[in-house]
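Heads up, the next two complexes both have chain A, just with different partners, chain B and then chain C.
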Partner chain A sequence: MATEYFLRMGDGQKIFMTKEDIRADIEAGSADAADLGDIPALSENEMEHMLDIITSPGRIVGVEPGMEVPVTHDIGAIRIDGDQGNSGVGIPSSRLVGSMIHERAFGADTMELGHIDYSYKPVKPVISQECQTMESCQQNMIIPMLYGAMPNMGLYYTPDGPFENPGDLMKAFKISEAQDSISHAAEHGIRDMTWIMQKLQNVGCDGVNFDTIGAAGDGDMYASLHSIEALRKEFPGIYIEAGMAGELVLGMHGELEYDGTVLAGLWPHQQAPLVAKAGANIFGPVCNTNTSRTSAWNLGRSVTFTKAAVEASTIPCHADMGMGVGGIPMLETPPIDAVTRASKAMVEIAGVDGI
Partner chain B sequence: MGMPISHIMASGMTGIRAAGDLVARMQFDKNMRIGEAKDFVAKKLGVSNADLSDEYVMRELREELDIGVITSVPGCAKGIAAKMNIEKLLGIDINCCDKFREITG
Partner chain C sequence: MWFFPHGCKGGCNTANEELFKTLSDAVVSCKKDDVIAAVGKAKGKAPAVELIDNGLAAGMNEVGVLFERGKLFLPHVMMAADAMSAGVELLQDELGSSGGASSKLGVIVNGTVEGDVHDIGKAIVSTMLQAAGFEVHDIGRDVPVQNFIDKIKETNADMVGLSALMTTTLQGQKEVIELLKENGLRDKVKVMVGGAPATDAWAKKCGADCYAENASEAVAKAKELLL
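Let's look at the complex of A and B:
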């Protein structure tokens, strides 16, 4: 009977497969990314390396000494005091305490402050509170401390915001009206994100993390890129990290452009140059996890997309590797065996500058 | 919680336990790719690239340079004081240090 190795499904469930089947899944995942993105698939050596990582006998694995990379963070201290919705563990503590725990107890390379709703729009009414907390964090912390939130343009549409929901308009075949609504929301998004970061930079913030860019489609990315551009112009030294929501920019509008490039349909290796052009310092490529596929298939696909982005980028790439992205299973307690294997593969095969 | 800690243990530079914060700062401040950022920081510290993730090397060195240490040592620079020393070490400006200087004249 052939030896079987344990690995995970995309939803985290433990499964057992032969080495040949795992290798076939790595190849299929990589081929899927290569086909979609019109990018090179992983080489034979790279797939063998990934196979070695996945079938490694230890419960956890790590990169070779000397290959370590900085790990940047999203969601901030909310994972300490937040609720399940943010994968928080509900320990009553201030955000300063949570941030210092990350710095002093967890060995975080960078940290960020985030609002409990973790979207830019709801920060506006409490901006003074955010500025005060950022000041306290900057006075007490040593590692780079960003402010992070999601552009989340969905909040600008009815019933949560002032503009008619483009999904509803499209269902009624009001396509141009839907496009207008997205454009109006984008203008408000640019204004809000830029205003919030102007306030925070003026109290000593290191910079900003645009987290899950494109979650609401191309309008979301349009707004983020223009806000990045405005912030870079006003604050030449601001640290800007731009992390995506998915591997593909959805064309909710379909015709929005940045620097002459249509945003709809861009893959990670095409997103990276635009993010750099806008003025970001670090790009966060994403590949979403398919819960119905194995971790071998997902990792093969994710590393292929990310490797192409790393090669196309002129700025450092920190692969997004939270729950459900970057080959990590999609559940709120991703198994340590799967996380460490994905982490090692992303550094050693995709060549990321950070995570 | 296990997810970020797993990444830090598997691939991270462990922040101020070693030199992860310094390498991250150069990535943000000068858009340096990982190799360039490590070369730059290692040269400034007078250590090898591999030493940047070595707690044994960095624990003593960080205290000697007074750029912030992971354990709470009375009298060592903390917070903005440590970052002001990091500014000098790396030859960069850190926003909160600039604000501190503006306020204190």
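Let's look at the complex of A and C:
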């Protein structure tokens, strides 16, 4: 019987496959990305390298010395304290303590302060609290301390916000009304995100993480790009990280543009140049994990998309690697065998600058 | 082929193919004005039913493919759907005249089942049945099961057409059939099912009398069952 190797399904289930089958899945995953994105598939050598990574015997793997990349954590400030199934460990601690533990004990290269709602809109009423915490973090820590949250434009629509829900309008066949609602919400989103960061920059914040851009579709992406542009103009030295919500910008509006490019339907390699153009320092490409495919298929696909984004990008790319993205299975606490394999492949094959 | 006065089923010549392509491209552009202009130019150059089947509907199918591939999104599909409906509307009079049947062939209630808002295909089926000489009562989309029964009773219908475009709403066709039985109407009323996920096998399984793949076939099958 042919030797079988341990790997995972996209939902985390343990499976065993032969080398030939794993190789075939890597190729099929890469072909899927190439087809959808109209980008090159991985070369034979790259696929062989990925096969070696997946089938390597250790439980965890790592990059070769000298190939290490910086890692950034979203919302790490509350990961120690967090205790409601959000991958926190439930040890009572302030956000300052959480951040300092990441800096001094875990070796994080940058850190961000985040709010429990982790969206920009609800930061507005507690901005003073956020500014004060940011200031004490800055006074106690050395690594760059950003502020991070999600643009989360969904919060601007009924029932959570003032604008009529475009989904409801679409259902009633009110297409132009739905588009207007998205445009109005986007204007408010731009204003809010920019205002929040103006306040935080004034207390010494090092930069901003726009986390999960495009979660509410092209309007979300539109607002984020414009806010990035405004912040870059006002604060030339601000460090801006722009990470995506998913691999494809969904067209909720369908016709919004940035710099003459229609946002709906953009894949990572097309998103990267726009993010750079808006003024970001770092682009965070995302590739979604398909839970009914193997980790080999998912990694083949993710690395193909990410590699194309790295090549197209004029700014460094820090791939989004976590539960359900970047070829990692969709599990609350992703298994370390899969996380390390996917990370190594992203660095060594896709050539990402960070994670 | 009663409704093809010019005798050209299936496109056959290059001029027609170009015509169909223009119509199809106009639907894919999702622009109502383009579709209206294209239909205006094409009208009379080929049978209306072909302009719809090989032109507009082909374009709508392409829109479906582009939607699945993430090239077009819901607003685009809605705009294309709206444009296509406007195009079909413009051809309505031709559909009516091409049939030539004047006597009433039977009464048909036609609708899209509950939970399903897709009605473009169903509307075409209604139009063609009407053009063929049936008295058609199109009761719209997302129609509650009971409404089918009420309308059948009210119009003393001979047949009911049930459209479903999603795997999740297909079951609704069976629900109408069950309710027909409960109301003692099943023997009096023929049932025709249609829509992308429906098949001949499904028609048998859910207890319908027939399945038709498209509007022309719907007319043929209705005639088979009712005449």
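Keep this in mind: the second predicted complex is superposed on the first by the 353 of 355 C-alpha atoms of A that agree within 3 Å, B and C clash if a C-alpha of one lies under 4 Å from a C-alpha of the other, contacts with A are read in each partner's own complex, and residues count from 1 in each chain.
Throughout what follows, a contact is a pair of C-beta atoms (placed from the backbone, for glycine too) under 8 Å apart; a residue touches a chain by one contact, two chains touch by 3 or more.
From a predicted model like this one, the values you see are computed outputs, not experimental measurements.
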item: Side-by-side fit of chain B and chain C on chain A, or clash; value: fit
item: Per-residue contact with chain A, leading partner among chain C and chain B; value: B
item: First, second, both or neither for A:M170, with chain B first and chain C second; value: second
item: Partner chain in contact with A:H253 - chain B first, chain C second, else both or neither; value: second
item: First (chain B), second (chain C), both or neither touched by A:A264; value: second
item: Which superposed partner A:D206 touches (first chain B, second chain C, both, neither); value: first
item: Partner chain in contact with A:P144 - chain B first, chain C second, else both or neither; value: first
item: Chain B versus chain C as contact partner of A:L299, first or second or both or neither; value: neither
item: Which superposed partner A:Q179 touches (first chain B, second chain C, both, neither); value: second
item: Which superposed partner A:L36 touches (first chain B, second chain C, both, neither); value: second
item: Vertex chain A, arms to chain B and chain C (CA centres, degrees, nearest 10); value: 170
item: Distance in angstrom between the closest Cα atoms of chain C and chain B, superposition on A; value: 30
item: Overlap of the chain B and chain C footprints on chain A, listed as residue numbers; value: none
item: Residue ranges of chain A in contact with chain B within the complex; value: 60-63, 65-73, 79-80, 87, 89, 102-104, 106-110, 138-144, 201-207, 237-241, 281-282, 314-316, 321-323, 328, 333-334, 336, 339-340, 343-344, 346-347, 352-355
item: Contact footprint of chain C on chain A as seen in their complex; value: 36, 170-171, 173, 175, 178-179, 248, 250-255, 264-265
item: Residues of chain B defined as touching chain A within the complex; value: 1-17, 20-21, 23-25, 27-29, 31-34, 37, 49-50, 52-53, 67-68, 70, 72, 78-80, 82-83, 86, 93-96, 98-100
item: Chain A contact footprint on chain C (complex, rising order); value: 69-76, 78-79, 82, 117
